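Submitted below is the structure of interest, expressed as structure tokens.
Labels run A, B, C, D and E following the written order; every chain starts at residue 1.
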Amino acid sequence: MPRKKLVPPKKSSLVEKNNAFHEDAPVEIEVVVFDENTVKSELVGSIKTMKKYIDNEKINLVFVNNLTEPHIIEEFGNYFHIDPLLMEDAVSVTDIPTVQESGDQMLLTLKLMSFKASGELISHHIGLILGEYYVIVFKDSENKIFEELKTRIENSKSKSRMKKPDYLFYLLIDSVIDTFYSVVNEIDNIIDRMEVILVERPQSDYIHNLYRIKQPMSEMRGIIYPIREALHNIVQGDYRLIEDETIPFLHDVKDHMNNIVHMFDSSRDTLSDLLEINNSNTNNRLNGTMKILTIITTLFIPLTLITGIYGMNFKNMPELSWQWGYPTILGIMLLTAGGMYLFMKRKKLL
Amino acid sequence: MPRKKLVPPKKSSLVEKNNAFHEDAPVEIEVVVFDENTVKSELVGSIKTMKKYIDNEKINLVFVNNLTEPHIIEEFGNYFHIDPLLMEDAVSVTDIPTVQESGDQMLLTLKLMSFKASGELISHHIGLILGEYYVIVFKDSENKIFEELKTRIENSKSKSRMKKPDYLFYLLIDSVIDTFYSVVNEIDNIIDRMEVILVERPQSDYIHNLYRIKQPMSEMRGIIYPIREALHNIVQGDYRLIEDETIPFLHDVKDHMNNIVHMFDSSRDTLSDLLEINNSNTNNRLNGTMKILTIITTLFIPLTLITGIYGMNFKNMPELSWQWGYPTILGIMLLTAGGMYLFMKRKKLL
Amino acid sequence: MPRKKLVPPKKSSLVEKNNAFHEDAPVEIEVVVFDENTVKSELVGSIKTMKKYIDNEKINLVFVNNLTEPHIIEEFGNYFHIDPLLMEDAVSVTDIPTVQESGDQMLLTLKLMSFKASGELISHHIGLILGEYYVIVFKDSENKIFEELKTRIENSKSKSRMKKPDYLFYLLIDSVIDTFYSVVNEIDNIIDRMEVILVERPQSDYIHNLYRIKQPMSEMRGIIYPIREALHNIVQGDYRLIEDETIPFLHDVKDHMNNIVHMFDSSRDTLSDLLEINNSNTNNRLNGTMKILTIITTLFIPLTLITGIYGMNFKNMPELSWQWGYPTILGIMLLTAGGMYLFMKRKKLL
Amino acid sequence: MPRKKLVPPKKSSLVEKNNAFHEDAPVEIEVVVFDENTVKSELVGSIKTMKKYIDNEKINLVFVNNLTEPHIIEEFGNYFHIDPLLMEDAVSVTDIPTVQESGDQMLLTLKLMSFKASGELISHHIGLILGEYYVIVFKDSENKIFEELKTRIENSKSKSRMKKPDYLFYLLIDSVIDTFYSVVNEIDNIIDRMEVILVERPQSDYIHNLYRIKQPMSEMRGIIYPIREALHNIVQGDYRLIEDETIPFLHDVKDHMNNIVHMFDSSRDTLSDLLEINNSNTNNRLNGTMKILTIITTLFIPLTLITGIYGMNFKNMPELSWQWGYPTILGIMLLTAGGMYLFMKRKKLL
Amino acid sequence: MPRKKLVPPKKSSLVEKNNAFHEDAPVEIEVVVFDENTVKSELVGSIKTMKKYIDNEKINLVFVNNLTEPHIIEEFGNYFHIDPLLMEDAVSVTDIPTVQESGDQMLLTLKLMSFKASGELISHHIGLILGEYYVIVFKDSENKIFEELKTRIENSKSKSRMKKPDYLFYLLIDSVIDTFYSVVNEIDNIIDRMEVILVERPQSDYIHNLYRIKQPMSEMRGIIYPIREALHNIVQGDYRLIEDETIPFLHDVKDHMNNIVHMFDSSRDTLSDLLEINNSNTNNRLNGTMKILTIITTLFIPLTLITGIYGMNFKNMPELSWQWGYPTILGIMLLTAGGMYLFMKRKKLL
């Protein structure tokens, strides 16, 4: 993981909302068709070409990148007999994560979070549709997290080769959830670094830095809580397409998500504490400033009064003509300063 | 969307409570009667005329504007056999959104929110009654949001032409919910602009501006949460008039409402953060002021003491007659100022 | 509604706890016996007289004022076969509102809230017992809110004349709930007036005024939430004495209570905001004071130093004998003041 | 109730945790055996003697004081066939209140709270075991609250004489719950007195006094909430030993507990408000101090500058030789002071 | 329990996350095989050797220390027919405590918390797998808390010798839960000491000390709440391997956990209060400082003005030549100081 700068970047938010697929990028469809014995993987440019590869006797894993054009969405949905409402939600990048079942399909929408090299956090939409003989993945072309999974499928000994599409569905979810660990860890690191700064350099106000962390965490909460709930629903719910033997695996993913939420909540607690500490630092700085002002004033003002008295122009001020008047007064001033010093000592100012 | 002023208007609340239909405006009834083959749309001035158009073999969409006169309410309710309690709630503009079923009708009350050109947020009451062969819409005459829907119905290929009234009911709800997106977005924009101001111009206190946003959001929460719950009840509840095949559409509307609530909650979180930042800005301003005061005092008070000493009128002050007394003292004063500067440097005041 | 003073009265609480019936006032019993055809209304002084009027073939509405004497309570309870525990709760003025069923009776305890002319809020206990052929109302003699209901019953066309006692029970509840609207509205007005004061005259601290509103609202919450729950229980619960056809009416009352709670919660939110604004005002006042102090000090202290320097009595201070020394120094002082002014401008103090 | 001192005692907590029975005090067993016709009451020193009095044809009320010795606990438990786990919980003074059923017994553990003469709040453990023909009460010997109940049982007309042990069980619970009213009332009084102090003497900080009340309330919450829940469980639960006809009595006790919790919560709300008021008082004191400082500085510093100017020793200062120079300058100083006064007036400082 | 230092150590967190078994330490397996008549206890170095001792006719208690090597995990899991997912969770040290059942096994993961001599709090992972004829304990080799349990088993009269493995499972849980009491007690002590410091020495800011306690408590909450829930699930759930007669014992453990959570929550409340007190102390210190500043300024500035006036060099200042001018002015200065003193007295500054 690349080292982040100690203080997060000046941008107001760590999360760059990536609320649209790459609109200018062309639709890309990648088809991986496999069964126990064979694997075939193709990158195709159109739905027409895709149809040639789909084989409903085998398991079909279809990656669809950058799908934004309405008529292609419709054509694609028609081919797989996907309910238009479900299809719309599958490619809608602004919605919160959720799980739905409709007819012969089941849809789970997720978000993928990752840190950019510049230290910003970005979120990508991912839609997974599970059908009788296929799993369709809607994603952004930039998104490479399923590469490793493809490699595993190509290995003929992979467990997924002998299982139904719902096991593949589980593997895809698992790949996404795994990425949250590193994000939550990175946030934990950023917060730890802020803590060190707050304790070691209490002279500055870090409110803006702290809120630059808090804002994306607030958005993240809106992502990881719904995902946890969606996974909970899958495990509890009686989804027709999920085989009983796949439930323990999904249960395990749900437990991972639970751990992530737990780590995240713990980070949020710490961040709240840091805000309090920052606040306390501000108050202490004010206290420190006022103490200095008070000490200086208390020490010098009485002395200034004394000099004022002997600066008066009265004709008849006998002290002025005394031989030792001046050193006596200087002595008195020293004694006054000492007295003030003791007074402040007693008042716990020093 | 029209640009809003950077700082919201001075009025105490962004929401102008429109808690009454246009009382001086006359009741207007608009009837749209249609089936698969025909559409007839009429604007009528009385219930008597209305009765001529209603055809219980077809679907009747009845818009009732500005209904406030008790005897017309009663007459209207009697014609459609609406329970008086239900009828009362349908036209009661102060109640919170809710769903009820009574006898052969089902009532859903909603609020329509919109920004006025002046930047104020206003809410309008909308009551929807679904019956066997009709949907009645109680609204304010100003309210034009269903125009587009009427145009769609007039199109003979519209899906709504082949469906039952419950599908029309769904379309009406959908039209209302859609308007919330722009309101929530606009609030998000206002908050974003406030955030920029708070970060860039921390010299002022924006508490009143922030509460001018917070107040209407507090009222909005009292509208969108009950609407979400009402939609949830419709989807879950076993309402006799809602066909099974319409449920997925209502489910979709409920999910939209969920997203709106989610966006709204996120805005509220941000607003809370802004209040904290504003608070922190205030403390920092105080800190800054105190620092200047302390620096000035610390630098000048000791020097003033020195001038005071040599302003004393003692006869016997040898320094006064020294040739280089004056420049020496000026030098000492410079050294003192330098010492104070270092002292403040060490105390992290500079 | 009488105008309240702008700032609430100095008393620590707006709610005067009226936790006892008028003990010195004599027990008063008022009996209204009616059926579809006849109404008879009598004010009697003793239970013995009362018995003569009670007719268990008709509906008996019995108002009992100021019932505190134990043996009368027992005698009364025995006559109507009321369970002693239920009877005790019916006249117990300190308990929170609740609903109970015991044997052939059902008890609902409520509180009546009202503003005194002096602007104070007082609460009165009301106990309603519903039996087979009667409804008993325990209340304070001062309490006149059921007068209008009595008049309506005397009207031979009144719906209540043709219904069972449970409908009468509903009408009584409705009369009580209606009074809450004006109380909640009045609180809303008081809060609105406080808001205007806080925004227009931020120079004072209103913490005590605000808490004088907050305290009674805290007590009110302890009344309206339990009432809402009691009504909810009546609607949900399977109470033997409540006919199915009365449920929609009670449902309607419950919805009214919901609206009241909603309005009340909204007022509490606003009050919280006002407390924050008041707090912010206090901080801003401090900031303002400190700014003035800093400006005055910054402008005058350096000038005072200059005068101090030329007030020193060194023999050899050439500037003193210059022809234009004095005006030059005055000029330097003006320049210094100008410099300080610019310095403060840059530090955003002015 | 004895008058408490206005400000609570300096001890850090009002609750003295009495987390052990009087260990040095000897075990005391008091047996009250009764049926409809006879009552026999004995104070015995050992379990052996006790056995002679127990009569399983009658109702046996057994008070056990200061039971801490393990072998006596075992012997006692064996005699009544009490499950060791239940027996252990019955005498365990540190646990939170709870209800359990095991075999033929049912255990309810409670806490008794009371104010000591010195104004401190102490809590005592009470364990109640209900069996077929007996109720056993584990308590501290100091604890005299059941004396009145014993007297009532000795009265041959007492209802308890004709009922089963579960009614006795109810009476014992009722005796304990009743004591909470006075404790909650006393807390309410202490808080009311603090409120008066806070409003009338805002010059001091009462944070430590307020937390000295808050701490024991926090501990009390840990007692009264579990008791309410335990009573709720008894009423709801299907406990074999509780007869149906005793349920309404226990329901009544539960309602009392509800009222106590309600009063307690209301006190806690008020205490929170007092903490806020105290906080606000502190801020206002700071504001007041700063105002004085600013007024004094603003009035005197400019005048001091004027005297500084005419204290300079320039040769050529024509004003100094003017006949009316001195009174003119005094006049100018008065005008300056007046100007500063108006300036502060405008800035709302005065 | 060793005395802790009054102020906790400077480390940022009291909890040292021990999120890995001792990786460099070798796997150690300890087998205790027993039935009513015989006990055999062996420390073995490999799974192969272990297999010789396991006797599925008896109860097998297997302690596995430092298990981190994947192939040993697999081999171990295969031997006991443990589901790989369950096995993975059993040795996964980062997960939150939970209970699961899979096939013929049941897994409970716990954390053991303890204070190091240096005053730091550390947490260790413990995994318990209950099978038909065995209980497996995964732990760290450092962990000695089950030593006492082993000794008890070796005693031929031990109850565990006559029971099924689920009773052993209960004993193991009980041993772990017991250690929480001392940890919670120690935290309570640390907080009590902090309270004393805060009250007795309010001159310092203890925010960092308080957060050094708060942070580990936040992490502890993430451990003890899930454990309570896991125990609750075991008691409620219908786990095949838990005999009905063991439920009361587990219920007892759950009640202990409830008490621990209750004590912990109470500590957290107190800590919150301490943070408030600390905050209040800071404000009071500021108030104190400002008071001194104001007193000094108010007393001396007016006197300085007087000396300034009589330090002016006007030719015509008659007072200067008066015989008693000087003492008169000194007298006036004393009176002014007295007046200022009275002024501050009235303003409650002194």
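By our rule, a residue touches a chain if its C-beta (ideal position, glycine included) is under 8 Å from a C-beta of that chain, and two chains touch if they have at least 3 such contacts.
In this text, all values refer to a predicted model and were calculated from it rather than measured experimentally.
Under the touch definition stated at the top, subunit B and subunit C share no contacting partner at all. Note on subunit C versus subunit E: their Cα superposition corresponds to a rotation of 145 degrees, in steps of 5.
In whole angstrom, the spacing between the mean C-alpha positions of subunit B and subunit D is 43. Distance between chain centres (mean CA atoms), subunit D to subunit E: 27 Å.
Contact of a single residue of subunit C with at least two other chains is seen at positions 283, 286, 290, 293, 297, 301, 304, 308, 311-313, 317. Begin at subunit A, move on to subunit B, and keep following the contacts round; the order you get is A, B, C, D, E.
By the touch rule above, subunit B contacts subunit C in their complex via residues 12, 83, 85, 89, 94-96, 98, 102, 203, 205, 207-208, 211, 214-215, 218-219, 222, 275, 278-279, 282-283, 285-286, 288-290, 292-293, 296-297, 300-301, 303-304, 307-308, 310-313, 317, 319-326, 329-330.
Interface of subunit A with subunit E (complex): residues 195-196, 199, 248-249, 251-252, 255, 258-259, 262, 265-266, 269-270, 273, 276-277, 280, 283-284, 286-287, 290-291, 293-294, 297-298, 301-302, 304-305, 308-309, 311-317, 344, 347-349.
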